[in-house]
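Across the two complexes that follow, chain A remains constant while its partner is chain B and subsequently chain C.
Moving on to the complex of A and B:
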């Protein structure tokens, strides 16, 4: 197929990756008070790890470097301990292990993620504008 | 696009003229044009095929865009940006096709206006 918007594949992959990152951030924010996760322990903060993939382009061009989510892994910082003796998950000392999530950190992550998304959208827009302007060479 | 029409005619020329009767034209441009045409045409070779491929390509892109939008609207695992990008690709390639058609028509009309 003709490839008019070159390099758009990498951008599409980056948009996808950022969207997944945003999903993970929203999951972290949603679980900020979850004291009992699936494994019975308090929820652990999740973070995404990006890595580069080579995306084969059309013959003759070098392979474009694109991005993908390598894995989503848990943040192994210690849980925050708060004193709440009446809590169901309190230990004998009355301390409850809360998720190791710092809401400010998550907000910053969210801002960074949405800005990166925006930047990639700008690339798409620019590629389209360039293609349309190039087509206007023929106009009189 | 005028160039391309000329290119098509230039390639047709040797097949029509008896090569034994006429001394061989050895214009370097002609051979380069011929090689251009065979590259552009892929298998078929003619400019007509090239245009046909372009139209088919545009139609395929439109079909892909339709599919992704359908997937998005029916809740399949298609993201919004994928649908938008495929729609943009379809739109840009359609614009390209329209430009090619305009240029072709323009050069045809130019030829028709020519004083003989």
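Moving on to the complex of A and C:
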């Protein structure tokens, strides 16, 4: 198919990557109090790592690049210890290991992610407007 | 027989189209320097849109360097337009390159600035509108000259 919307591949990849990033943020926020995960340890914060992809160019040696999620990896910061002797997962000293999640950090990440998403939507909108104009060449 | 008339008409039209004079004449219709320059600028605004799309999709990628249409394009185009030679204008090959002057001052090595890119995106769209109108204007003038009707 001919590509009427220029750069739509990079934009689509970016929208997808941002959506995954948002999923990971919501997963982190949802598990902010999970003291025992599937592996028996407190939940570890997950983070996405972005990577550029050189797009297969049909013509010319263009430097335009797309984006992808290279991997989702665990944040290896130490868990937060809080004193709660009555807790099921408390150690002999009465301390409970809570996930290493900072809620403020997650909120900032979420806002950054949604702004990037919006920026990419603006690209699609403009690409569409440009395509409509191109199609009207020669009309009065 | 009607079916025999149409092929003969088509043969004549085909013969006319293939005559060297006709080809030269039709080429000449679309080789005014201004028309070619507008067309080239239109190509470049599409290309710049692609570059901006690439930059905005890599907004969060560490060590990504922003790309843009090579700066030499504008000087090349103004030289070519000044020379008034159609071949020179048609011969310009703009390309997307890494913008070496960009420095966003970010700690992750990425040189994309969101506000800057969005401004460039909108500016580019307006340029694209202008260029489509230039091309349309040139085509409408040609049509006026051929048909006598605006």
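Convention: the second predicted complex is superposed on the first by the 133 of 140 C-alpha atoms of A that agree within 3 Å, B and C clash if a C-alpha of one lies under 4 Å from a C-alpha of the other, contacts with A are read in each partner's own complex, and residues count from 1 in each chain.
Everything that follows uses one rule, which is that contacts are C-beta pairs under 8 Å (C-beta built on N, C-alpha and C of every residue); 3 or more make two chains touch, one makes a residue touch a chain.
Treat the numbers as computed from the prediction; the structure is a model and nothing was measured.
Chemist: In the three-chain superposition, say which chain, chain B or chain C, touches more residues of chain A.
Modeler: Tallying touched residues of chain A, the top partner is C.
Chemist: Go through the superposed model and pick first if A:112 touches only chain B, second if only chain C, both, or neither.
Modeler: Once the two structures are laid over each other on A, A:112 reaches chain C alone.
Chemist: After lining up the shared chain so the two structures overlap, which partner does A:98 touch, if you call chain B first and chain C second: first, second, both or neither?
Modeler: The answer is neither, since A:98 touches no partner chain.
Chemist: Return first, second, both or neither, reflecting whether A:4 touches chain B, chain C, both chains, or no partner chain.
Modeler: first
Chemist: Which partner does A:52 reach: the first (chain B), the second (chain C), both, or neither?
Modeler: second
Chemist: Quick one: classify A:128 as touching chain B (first), chain C (second), both or neither.
Modeler: It touches chain B, and chain C stays clear.
Chemist: A:65 contacts which: chain B (first), chain C (second), both, neither?
Modeler: The answer is second: A:65 touches chain C but not chain B.
Chemist: So, does A:19 touch the first partner chain B, the second partner chain C, both, or neither?
Modeler: The answer is first: A:19 touches chain B but not chain C.
Chemist: Determine where on chain A the residues touched by chain B overlap those touched by chain C, and list them.
Modeler: 8, 138
Chemist: Taking the touch rule as given, give the residues of chain A at its contact with chain C in the complex, in rising order.
Modeler: 6-8, 10-11, 13-14, 17-18, 21, 50-52, 55, 60-67, 112-113, 115-116, 119-120, 122-123, 126-127, 129-130, 133-134, 136-140
Chemist: Could you list, by residue number, the parts of chain A that touch chain B in their complex?
Modeler: 1-2, 4-5, 8, 12, 15-16, 19, 121, 124, 128, 131-132, 135, 138
Chemist: Given the complex with chain A, which residues does chain B contribute to the contact?
Modeler: 1, 54, 57, 60-61, 79, 81-82, 84-85, 88-89, 92-93, 95-96, 99, 102-103
Chemist: For chain C, which residues are in contact with chain A within the complex?
Modeler: 42, 45-47, 49-54, 56-62, 64, 67, 93, 95-98, 114, 117-118, 121-122, 124-125, 128-129, 132, 135-136, 139-140
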